[in-house]
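One chain, chain A, links the two complexes that follow: it is found with chain B in the first and with chain C in the second.
Moving on to the complex of A and B:
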């Protein structure tokens, strides 16, 4: 048990002393997850709204596909993106292999179905009278869309939060597409896997602690937004 | 010129016909009551008149022009649904929403306070309350204030007092009439509150299974009916009396008999001797003054079925004056019954 308590103490020391390797991994994680979340939210919220709000031919099949993609294993996504961006793949010329952008593409594939499915579920639960009320009060189509989204903001926040949690904690995509390159594509989760393999539990704990701190910060921000 | 003109209106949900109205007109500044049993199409008609939905077929003209949802002129029409939806914001922001979308920001606070006062809510006490800090009656009044603040040309009310307490109901009724008085707002009210509608409405329209059956104060008696002789059908009322009428309705189970209020005769004893009239016994439940004509309308319940009779000025009904609760006989000519 000593090594655990020693690891936690060492974790605080590394964080407080500003250990450059630790902070490099933290920076890579924040950067890549921000990129993937920005794209996932920008595409996922409108798509989820359309899926939950409107009726169109093939809606049930689209919903089934999105729900199936919720269960995509990260290693499979990693494999898929690796195949696409490797030098032999169709996107090989873009030079995305072993880059943060490459990881972000994979994480977007991971997060997008979560944002779409949970946004659609939130929109489906929206009160039927909302549309009637907004039109009765004079809302045009744009206002109707924006106010409806605002009314289900808690559901959309939950969708974003769930997707963010999944993106932050995945290892498979970062490892396969990013290659875990020190100072460049090493994220918190790949660093934990590496350091644990080397027996350096303190660094692993320190990085784990950072992940928890980031999650806490995001949750506190979201609960603050919910009160607004 | 009528404010609303409805022509050949057909609407359906999931291919199930809900509404079929050949023609309907509503005058500007008038109060129109819509009555009919649940599922008769009242709410659907209000949603179409409110341009919340587009009819499957037919046309609704507003001020002489064909209009569809989201047209700019639709903003003079506002609908208060039976179950109000308040935005997840404060009362102040809820009432302000309609003004904000119209970009009418001048005197915003004063307008909102006036609207809240119209529905009997103290702006200081309620303005900053959140949507989930209100009772059902308060929420309904806030929803009405959100419409009144717009000074609407048309206010469509879908059973506005159905799910609120008596005090809130009274305030909602007063505020609606105040809108008509102050801004000449055209009111269309769907309600089961017969007494209120009779007192305030210029016109009452009956809806049944999506069809406009009759206008005015006609009494409707719904099937099932059964044959009772050549060209005669009857309905057994809940108290065992038989209500007879002449005619050949197509479907006895679903046929609706319409009795004109001018065709009834009231008497405190059953007349004897030969007569072509049919009589049923009931008790006087309500006396009201008909708006416009200022004539008395007596509602007599026979076996729980209400019949409205319009009384001639100075009409005598035996020796006794009419008193609610009094037992009365209602006479009618079975040949004059109309069928739908």
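Moving on to the complex of A and C:
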């Protein structure tokens, strides 16, 4: 399997020579995953917090639903979003099909249950004594909330990273909703699928390494944040 | 306590994300002003569209972007009003598409031909046979045959050939492998399994070029009249789909069937071999 060694060399060549197709795919991947992660975190952290912190009727059912959504296959989400944003679908007028925003909608559906479920789990594992202690110390509701959030920050970070990994590496949604259009909606993963389909295994392998490099950069930045 | 710092952090991150959202909005809008073509994997995989698109943009000022899928899916995208124009190769399905009112103004653009390729050892002994007896030999020998199995133009042609040879489709036979993937992916699977497959000549030449001119699979059967592979351009019906860019689509169809584009198509070569023959009327 000499394409592995070819692939490693090719990965460095693509990155160092500033190959415009590779950088276009990297830019698409970073843009679309940033959009979907921003929305998923903004919606998912509060929702997960409520799910883990409070109790309300139907909570167990809600939890069950979120956990089941963790198993949503990406091709199915792709099909679902295609049906929504296709010209003849209910959101057809927005012109989202074959755009990065369209992909971001699908990826948000993918990431949201992960953020909610893992945030809720982190909150549930939080020290139950904390609330009582804080109240007895005279903390107001805002303080109570902020301190609890601060206590579970590592859990939330882990939730974000897990969701990010899933979003960045999915191919089903990007292919179905994005259409793998060169210079526009071709992400690193759809480029891998294309190159592999064309039998150019070394290029596909190289793009896989590029994706791992992006993930490494994100994780290094986050661990830097954590140390602070 | 660290709250203020943390709040600043979240604020900055949100602003950064908003900036990203705004930035990403621009190319999406720019993209939607371009003509959107649904085409087959063969025109994309061979590099033909990469070669033609800049010429088209120079001649008309219209940007072109495309989605390369099997002909079955391309027709479906046209039916759903999700693309403006189609470049496909399944004449029977295309006629039905136009008859159903989904498309208008179907015009021939170019052709090449289908060939049956297989390992040089040729376990079923089909070299130089005509299509009908070649398929019978493959079936009798039980040698592996790899099919696209994806409702593409090539797949439809293959089904037509089995039926035309009076053979029942070997749908569940162990030697009949249905990949559900694009043409080059299917050729690669055939090479791995040392099997036969049906491909358009253009994609095969591209495959041979990728293997430095010495590919593991060779052309064994070609030249039969039933192996002709006609490509046509179809406009998505603007009466059904008011949002399609019908003027630009018309300009594309006109340009693609012009003598000028015909010359470009005829000049498109890989390893010195012509891939497509223009035959617009």
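Here, the second predicted complex is superposed on the first by the 226 of 228 C-alpha atoms of A that agree within 3 Å, B and C clash if a C-alpha of one lies under 4 Å from a C-alpha of the other, contacts with A are read in each partner's own complex, and residues count from 1 in each chain.
Here is the rule we go by: contacts are C-beta pairs under 8 Å (C-beta built on N, C-alpha and C of every residue); 3 or more make two chains touch, one makes a residue touch a chain.
Everything quoted here is computed from the prediction, not taken from an experiment.
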Between chain B and chain C, whom does A:109 touch in the aligned arrangement: first, second, both, or neither? neither
For A:207, decide between first (touching chain B), second (touching chain C), both and neither. neither
Quick one: is A:66 in contact with chain B, with chain C, with both, or with neither? Answer first, second, both or neither. neither
In the overlaid three-chain picture, which partner chain does A:156 touch, first (chain B) or second (chain C), both, or neither? neither
Residue contacts with chain A in the superposition, chain B compared against chain C: C
Which holds for A:84: it touches chain B only (first), chain C only (second), both, or neither? neither
If we overlay the two complexes on their shared chain A, which of chain B and chain C does A:99 touch? Say first, second, both or neither. second
Both chain B and chain C contact which residues of chain A? 150
Residues of chain A touching chain C in the complex: 31-32, 34-35, 37-38, 42, 86-88, 92, 95, 97-101, 146, 150, 179-184, 196-200, 225
In the complex, the residues of chain A that touch chain B are 127, 129-133, 135-141, 143, 147, 150-151
For the complex, which residues does chain B have touching chain A? 47, 50-52, 69-70, 74-75, 77-81, 83-85, 87-88, 97-98, 101-102, 143, 146-147, 150
In the complex, chain C residues that touch chain A: 2-3, 6, 9, 14, 17-18, 20-21, 23-25, 27-28, 31-32, 36, 41, 45, 50, 65-68, 80-82, 181-182, 184-185, 187-188, 207, 210, 241, 243
